[in-house]
Amino acid sequence: MAEFDLPLEQLRAYRPDVRRPDDLQAFWDATIEESRALAEPPRTERVETGMTLVDTHDVTFSGFGGHPIRAWAHVPAGASGPLPAVVEFHGYSGGRSLAWQNQVFATAGYVHLTVDSRGQGWKAVGATPDPTADAGLSTEPGVMTKGIADKDTYYYRRLFTDAALAVDAARALPWVDAARVAVTGASQGGGLAIAAGALNHDVVAVATDVPFLCHFERALAISDRDPYGEIVRHLARYRDRVEQTLDVLSYFDGANLAALAQAPALFSVGLRDQTCPPSTVYAAFNHWGGDDKEMAVYRFNDHEGGGEHHVPRKLAFLAQHLR
Amino acid sequence: MAEFDLPLEQLRAYRPDVRRPDDLQAFWDATIEESRALAEPPRTERVETGMTLVDTHDVTFSGFGGHPIRAWAHVPAGASGPLPAVVEFHGYSGGRSLAWQNQVFATAGYVHLTVDSRGQGWKAVGATPDPTADAGLSTEPGVMTKGIADKDTYYYRRLFTDAALAVDAARALPWVDAARVAVTGASQGGGLAIAAGALNHDVVAVATDVPFLCHFERALAISDRDPYGEIVRHLARYRDRVEQTLDVLSYFDGANLAALAQAPALFSVGLRDQTCPPSTVYAAFNHWGGDDKEMAVYRFNDHEGGGEHHVPRKLAFLAQHLR
Amino acid sequence: MAEFDLPLEQLRAYRPDVRRPDDLQAFWDATIEESRALAEPPRTERVETGMTLVDTHDVTFSGFGGHPIRAWAHVPAGASGPLPAVVEFHGYSGGRSLAWQNQVFATAGYVHLTVDSRGQGWKAVGATPDPTADAGLSTEPGVMTKGIADKDTYYYRRLFTDAALAVDAARALPWVDAARVAVTGASQGGGLAIAAGALNHDVVAVATDVPFLCHFERALAISDRDPYGEIVRHLARYRDRVEQTLDVLSYFDGANLAALAQAPALFSVGLRDQTCPPSTVYAAFNHWGGDDKEMAVYRFNDHEGGGEHHVPRKLAFLAQHLR
Amino acid sequence: MAEFDLPLEQLRAYRPDVRRPDDLQAFWDATIEESRALAEPPRTERVETGMTLVDTHDVTFSGFGGHPIRAWAHVPAGASGPLPAVVEFHGYSGGRSLAWQNQVFATAGYVHLTVDSRGQGWKAVGATPDPTADAGLSTEPGVMTKGIADKDTYYYRRLFTDAALAVDAARALPWVDAARVAVTGASQGGGLAIAAGALNHDVVAVATDVPFLCHFERALAISDRDPYGEIVRHLARYRDRVEQTLDVLSYFDGANLAALAQAPALFSVGLRDQTCPPSTVYAAFNHWGGDDKEMAVYRFNDHEGGGEHHVPRKLAFLAQHLR
Amino acid sequence: MAEFDLPLEQLRAYRPDVRRPDDLQAFWDATIEESRALAEPPRTERVETGMTLVDTHDVTFSGFGGHPIRAWAHVPAGASGPLPAVVEFHGYSGGRSLAWQNQVFATAGYVHLTVDSRGQGWKAVGATPDPTADAGLSTEPGVMTKGIADKDTYYYRRLFTDAALAVDAARALPWVDAARVAVTGASQGGGLAIAAGALNHDVVAVATDVPFLCHFERALAISDRDPYGEIVRHLARYRDRVEQTLDVLSYFDGANLAALAQAPALFSVGLRDQTCPPSTVYAAFNHWGGDDKEMAVYRFNDHEGGGEHHVPRKLAFLAQHLR
Amino acid sequence: MAEFDLPLEQLRAYRPDVRRPDDLQAFWDATIEESRALAEPPRTERVETGMTLVDTHDVTFSGFGGHPIRAWAHVPAGASGPLPAVVEFHGYSGGRSLAWQNQVFATAGYVHLTVDSRGQGWKAVGATPDPTADAGLSTEPGVMTKGIADKDTYYYRRLFTDAALAVDAARALPWVDAARVAVTGASQGGGLAIAAGALNHDVVAVATDVPFLCHFERALAISDRDPYGEIVRHLARYRDRVEQTLDVLSYFDGANLAALAQAPALFSVGLRDQTCPPSTVYAAFNHWGGDDKEMAVYRFNDHEGGGEHHVPRKLAFLAQHLR
């Protein structure tokens, strides 16, 4: 993929006006409060994975509307005392995967809570449905337009709330030091990490990679890939819903949510990322509410971003804030 | 697309053993009965389309679980006496469209009830959600695997029931002669026409084109296109669910349902149809329960089948059975 | 498709200098006059379609060089008195289709003359050849470069003349009120509607959607799709014919012809239209000769433009000018 | 491309029944005779190419209907006495190219007549139109369906006749020994070489590579590529013309024409050729009328066949029959 | 991908005659002996990865010709006594990756030696060149045809020897119990696991997934994907080298090498695998020299095979043979 | 392909700062000197091609490191006295082809030396390996990244040296007038022609078409095609090597080498060339060291550039400088 977005020097200064609802904070305060009121303590059940160095627990916690959300907690084998924790969210189409997979953060010494995305799980195994009739408010395959006619029924209201409450759940796990919980994720997982950082101020660090769901209006204009493409096709079919849809999306725009966040943040970006174009990543980065933030730039990369090279940098960032 | 399925002479004799549950009839009897018990009379509201020769009414009738299903009733302008009716179902991704569209059967003198597919409507406009928490039992984009873990939660249980009850609704419309109601549709609409013919014996004729949802096991083996591909990808990801899934699908297999139908039938098939391979169409045709049946063969066509050339033949078939 | 052309605010002001031959008006005056002198009254023959609300007639009228051009006249059943008429031209590759198809304007109460494009008809059925040895002056598949070496032999000289004379034919039909004839079409049909409006001043309204054949030089630079691509490939092969070809095309450029038109006009445009880029549509719109003109903008659409949502707006426009 | 046709041992024995008209010989006798009666001697004009070893002449000879057909005659520089000649026909979309191109046979010591295909010339430059109103009898881009409704108007009637008369023209050139004229070509050019060998018995050798236009009915069934695809799409659209079209094509089927040929022949075939499937090549080869024939088999090749490796073998074959 | 190879019941019995050189054993005995004679003990160097549960060592061992081959040894942190070991080879284009990646077998309690493929490393990071002038004997991008003109210069002679000697190296590591070393890998890694099992009888178990490099002649006939496609394209270009090439490949055919192996084996296969078609996998499986073998079948999978679902089964197989 | 690079008027003035090493001249002086010291006189062997007008000789000359490089010398048959010569280099993936191919320059009266590209030859036959262990320093298929970690091991150091020494070899051939040797080539061959002109001042004219390997940094930014894509993918995988790689490439940048050249030059460019974007061609052209230079512009062409139309212009240029 050739370069297609702004040059790096312009990206660094790119802090666009983004459509922002007046009641953004109120909407999310009410949303989180309402679901938090319905929450029960997380349930855990030890599972056998064949991994001798890591203990894995099947976790069920209360997400939006009190709905049960599944996650794995991977814990360094035999850990007793409180450990720092990393809560991970997943990319679009993914899930928590099978119990033996994805134990990197536990191998690095953290409690790792890897969280399902409700109603997803087609490119990686998931186990959490989206148990509400609003899930049937759908016209386009995929979740991007589920319930998009109203901010209250939109799918990402539920998923962002799940992410914020996953942090509560992680802090309540017996092996976790509640004062040392970070969030991370890539693509949609990066968008969820931003949301969790914005909506749950117990998060002490945010590592967000090539985040999705940022500056929708620009993304819809310059990305011709899915998942943004789901919304483009929806608006190409339902031509009479453009303004209404952009208004709804403004409540879920990572560039708006970033402004609500305070925790130290490590972003990463691929300068040839057509799925989550770099200007949309910088829009969130440059609106980030906290001062302690850094951007890792990968010049020749598309949506894979920093990939395997970024993990050591992320581990260093986490060590700095969690150790 | 080159020829890829059995040669025509073998297709004509192709009547394969299809996985068939013992309680097929009981399952569907109970399903239809339960929803019919919840049904209310259809509501209609006249809408303005700018079409002076056809009156269009926005119809809401009770589908599966009493859920409201939307349809348009297109009626020759000024019709008073009872007319024969054609109930039409739509292809995968479609819906009833806008009110001014698709008035062919009305122009031909029939009351035309064109029925939404719940939770669809992305390639043609629809207005009917799938209003149940079971709609959230999804891992693959699209509806093919919604709730597929159980025959009771599977999406097509709801959609087939909607189709059967659409016939009840059509018969209850003020402009319709209840003794002269036919069903039709292409692709998924063809599968729904078979289902309606099998599950509602008030149907007096079935015109089904390139029907989808027939002989799943063969279709999954030889079609590499969507929508069958949604199931293939699901089973490629959830490798442990193959037998369970094929058992569930057997309740919805058009080749099994065809055997329950008695009405006169006109099928059509494209011999190069990779979406709904001709052998799967013949599997349903050769299992059809009624004796009065015919197959229109289109030798050089893919899934578009007989297209515009088949309409006059279908109109002749309908005239023969409805006039 | 992502946005790729000028932003909307620039499009609105986009009125480029377009290569324009000095003898444009004279060329077309002579061309039309010559063919009109050869014209005979249209012949009509009633055909049976099975549509009870619409009578359809097979029309043959005299086009360029007196060549016989086929069309369908769809007439509200039983109409006697004079009705307003809509003459429709078709997109590249299409034709008048089968007799039962495409009866929307008749259903809306108009006499609808739907006109073949000579030598086309591969994506929709047609019945009109291009009966001249100049049809053999071809090197690229498709009609875009047929006879392109000379303005007198170029295919679109014949097709534009057919379009202008189709209006004469419509006005001569027994069911038509000759003072109330509009033209319409999309893509190539939109280009033909512009040409008919420019070359036949008996047209009282022009509804042109995502018109093709406008501002060739820009279209060839920024569209990488067919049918413009036919010309691009031709000039990539016949590298010595660039200037000559652009000169010939200037006689057929919708932006030049638009300047000759006076009738009220409704344009529509898709802002992501790569087949007929929005700047080329605005080039014609902003050069339109009449003052009564409006543009319907579809922001998320490619070449499908306003599609089904635009029809009601177009019907309102026609009603305003024809009723 | 993987193997997709019959295995080699079956190909070697593949001699299928091919639809064959009773009046095949009579049709062609009359066709050739009629055009030959209109023929004038070829005209030649020396052109400058910058090639010092080869003299090139622009040749115009009489083809079907006496139409002027262009060719280049490449002659070893300074040749005076009579030389053997190779008449070459070109692949679909090609033409005689520019004067400096394609001088291999002249460099090998032959007079080389390289012949335009009327109305083609889009992938290689041509200079010969198809100067008849029948050229306008077209619905599909490309020439495969031009005038296909009738054997008398079909494009290949004209092109095959041009090929047969090109041999007459070659024999009349001043530098040529009329008793030593061979024909050759690949793909469409291979089909034309077969036709020339069948229809002009002054041909003394035929070298045909991966020939097109053989055993249409099988080719349409198993090739999903163009140019056969043009016919497939035509019959997919004009579903009512299948039998009529196959009847017309039977007059032009290389497997039928091959049976009329007597000259020694060298065929070549690519066993993975999806454009001209190997079974269709063997159908012509195994029906070839002469006994002196050989097949060069290229096992891993698609439509490029033997390519550059086959030329030395072909030169040896020509030397054997022309020297 | 639809099913395209033999049905499962035929696959189970598929034990084809495969081209086999008489001196196969002698060739490999000499090859291994010669390189083993040049080998030095492996060198290891501890690296820092940030993973607290696993110690990682950078290993350099002697491969073919004594060339230095890089690998990572991942060891459960703090392990002192001898542990069983798993030697892993990688798929085509891959390498040992970065030091922190791919620590699953160590997390499961094994010493894990993950071995570079010389001259590869483009889809996953590698660090081992192919340090011989024979590496320049290349005409096709990729390694499949490097030095393919002669069995002695062929790339896979070097890579298979590296694989066999990697087992020697693993057995010499200080943390390893030399009597409990298994090999595994997928795709090319699966082919290398077969080769290592065949050429190094100190291997006590072989877990090979969707193995590449088996039954070349069939693979070249039915797979149209890379990497087999590299050979197909080579033979399409160098048409005169077919037999010579197939002879060379026979020395490296996994179906021939399998016959030399005795260790217990777990194979896995995807029934829709177009990269390594199931019949080629069964060809190796059914020729396997040992009696203790099993096949895990994944019916709806392409080349991803059993993927994440197969790992637990493989861990159970390894536990059975290594614990 | 639509236009995508700078407009023509900006291209004409485009003379960018290109990363340039201080020791560029020294690096190349030492490189050429070192290999020239190892050179032996070219060996030639007459081969039989069947071409009677051209004699062909198999030439082996000393390239980089004294490595044997193969070429064909095509000589007008029977030439005795000294003739001017054209040395031709080939596009990426090509080679000198078979002996009978590509004899255009000989047919035009020149001695034509057509030179292999070591280690290439997959789209056209070659016969020259890259006989050094540095050839194994590869991670990406293709030659673009072979040994790219160091300017001394980079593949193009060897290939550029081969090109410069090919001119020495041509001048030493018995049929050649050493004072009249030009170089030419397209794409990679165009880059090699620039390199030969820069590094061997015995070249008297350079005809370079759509040259590759110019202004790497811009090419990597705006071309998303291979072969530049090989480097893009390499840097996307080896994210830590970006600066080092761009430094190495600067020694091989045609825009830097052009500045060292003095000979008269004819460039050609396709304004829609995505493989070798026009701005990268103009970067070399506008840095060319000599004053006698011209650019042939092909406005509608992609990487095929002027193709067959450019040959006469190139022959005229050669005649002007060599006759």
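Going in written order, the chains are labelled A, B, C, D, E and F, and every chain counts its residues from 1.
Keep this in mind: contacts are C-beta pairs under 8 Å (C-beta built on N, C-alpha and C of every residue); 3 or more make two chains touch, one makes a residue touch a chain.
Just so it is clear, the model here is predicted, and its values are computed rather than measured.
Annotation of chain B and chain F: jointly contacted by A, C, D, E, touch as defined at the top. With centres defined as mean CA coordinates, chain E is found 38 Å away from chain A. Chain B and chain D have centres, each the mean of its CA atoms, that are 50 Å apart.
If you average the CA atoms of chain E and of chain F, the two centres end up 39 Å from each other. In chain D, the residues that reach two or more other chains under the touch definition are 125, 309. Contact topology of the protein chains: irregular, matching none of line, ring, star or complete. Per the contact rule defined earlier, chains pair up in contact as A-B, A-C, A-E, A-F, B-C, B-D, B-E, C-D, C-F, D-E, D-F, E-F.
Partner chain E is touched in their complex by these residues of chain B: 220-224, 232, 235-236, 239-240, 242.
Within the complex formed with chain A, the chain B residues making contact are 95, 118-123, 125-126, 129-133, 135-143, 233-234, 237-238. The residues of chain B lying in touch with chain C in their complex are 49-54, 76-77, 97-98, 100-101, 103-104, 106-109, 125, 308-309, 311-312, 315-316, 319. Chain D meets chain E in the complex at residues 1-3, 298-302, 304, 306-307, 309.
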